[in-house]
Amino acid sequence: MEYHHKVQYYETDKMGITHHANYVHWMEEARIAFLDELGYGYDALEAMGIGSPVMSVDCRYKAPTTFPDDVTVTVWVERSNGVRLRLGYEMKKADGTTVCQAHSEHCFVSPEGKLLRLQNACPGLCGALAALVEPR
Amino acid sequence: MEYHHKVQYYETDKMGITHHANYVHWMEEARIAFLDELGYGYDALEAMGIGSPVMSVDCRYKAPTTFPDDVTVTVWVERSNGVRLRLGYEMKKADGTTVCQAHSEHCFVSPEGKLLRLQNACPGLCGALAALVEPR
Amino acid sequence: MEYHHKVQYYETDKMGITHHANYVHWMEEARIAFLDELGYGYDALEAMGIGSPVMSVDCRYKAPTTFPDDVTVTVWVERSNGVRLRLGYEMKKADGTTVCQAHSEHCFVSPEGKLLRLQNACPGLCGALAALVEPR
Amino acid sequence: MEYHHKVQYYETDKMGITHHANYVHWMEEARIAFLDELGYGYDALEAMGIGSPVMSVDCRYKAPTTFPDDVTVTVWVERSNGVRLRLGYEMKKADGTTVCQAHSEHCFVSPEGKLLRLQNACPGLCGALAALVEPR
């Protein structure tokens, strides 16, 4: 899945480039678009009583971006076993330069914070994610 | 009440100065510290079932700030009638330069979003605010 | 000019709605798209040595938004005399509800911070803005 | 070095907890306070022509925080060879619970983006960091 983000002026810092924390926002934007495309909007999951907190993130910054760059974020499923989901992200500028490589890990929880097995909580999403596992 | 905020690197933009949206964050920080000082922490108000959404904000930017400036935010009660609260804010740099003059307006709501009269919902805070009204 | 913004998860707060400071970000996004459409990208203006700092903002919040609402921001020129620019903004949800009414004021400055007259600094943009003045 | 951050309302999201991207901001706050304590304020470094971009970050979220938690961030030097700096971070709530474990890596660059050896660019800081290396 490819997600497009235009770097905003308010995302830059006094170094003249995008502040590094914003890439974590873009990962969320891309992840939510990815779930949308699978037919499981994050708002629909929350309405079903499924939250998906972030357990970890890592980002390697390879080249800077700045306003008004267009950044393409590719998302894929690195691992998914219904309890823990690991996603990969590759972000590129319009000229094809890789600007950031990243990962995030997620679990699934009830509104009360209890860990859920996606097999039980949402078998459709569980199957869709499993079918897409593609370690890189 | 005087609240101190140190401008963070991530609050600057590529113009080399604090991005203007952050002053709205500092107003919230100062407002929450102001309520704390009155003995009504915002978390305690929420625990009592009282939310205080922002109905309006305005900011006039008089001079720029940047990392790592220390900004002092003075907060005062412009108007308070138990239904609507209007606060004033004056922000100064360490050298005494006024950098921003601002206002915010708030109402009070139940967890279901129903408008509350502070006289009934929290008479103590209602009285404390009324005693502090100081139009400038 | 109509600009579209999808409310992001990271733009919400624990009240369950969009944090009010984000509307100031959306005003900037819409303003930059508006300049783009006029043929004067903000990055091109900066490359010409023209900055346009924000002198004031005001927002009246009429109804909440939340993730994943689609918000349409309409921007128009309230006043423009080449020294000071005042823009108006109306933001609506997909169902047509007005969620925020806002304004921003701007001047024009050189890289050294000297005030510029847009008539001299960029007559094309000055004329384009003047032709669009539409007080509401 | 211990740095204190009070979680702000605007740092929470609709899950009711601190949005995970903010921890990357707190790492920056703590890192800058750490450099200050060493006598090398980040603004002073920039004034000397030394920037220190972030090459990577990773965060493992162990427990949630929310407004108005007080978070203590401990920072230490994991590795430092004058070309690359690796910092470690441990974040705890007031009750001692670890909420986040994190790392960041940095290089040093001139205003033109040329890689610098800290031995040459700022021997004092280079020595101070080397003396503090403490892998955990």
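Letters A, B, C and D mark the chains in the order given here, with residues in each chain numbered from 1 onward.
The definition used in the following text is that a residue touches a chain if its C-beta (ideal position, glycine included) is under 8 Å from a C-beta of that chain, and two chains touch if they have at least 3 such contacts.
Quantities reported herein were computed from a predicted structural model and do not represent experimental measurements.
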Message: Just to be sure I understand the contacts, which chains border both subunit C and subunit A?
response: B, D
Message: If I compare contact pairs by residue number, which of B-D, A-D or A-B overlaps with A-C on over half of them?
response: B-D
Task: Determine, using the mean of C-alpha atoms as each chain's centre, which chain is farthest from subunit A.
output: B
- prompt: Taking each chain's centre as the mean of its CA atoms, how far is subunit B from subunit D in angstrom?
  reply: 29
Separation of subunit C from subunit D, taking each centre as the mean of its C-alpha atoms, in whole Å: 34
Message: Counting only Cα atoms for the centres, state how far subunit B is from subunit C in Å.
response: 23
Query: Which parts of subunit A, given as residue numbers and ranges, touch two or more other chains?
result: 9-10, 15, 17, 21, 25, 28, 67
Statement: Note: in the complex, subunit C contacts subunit D through residues 9-10, 12-14, 16-17, 19, 21, 66-67
- line: So, in the complex, the side of subunit A touching subunit D is made of residues 15, 17, 20-22, 24-25, 28, 51, 53-61, 64
- prompt: In their shared complex, at which residues does subunit D touch subunit B?
  reply: 8-10, 25, 28-29, 32, 41-43, 67-68
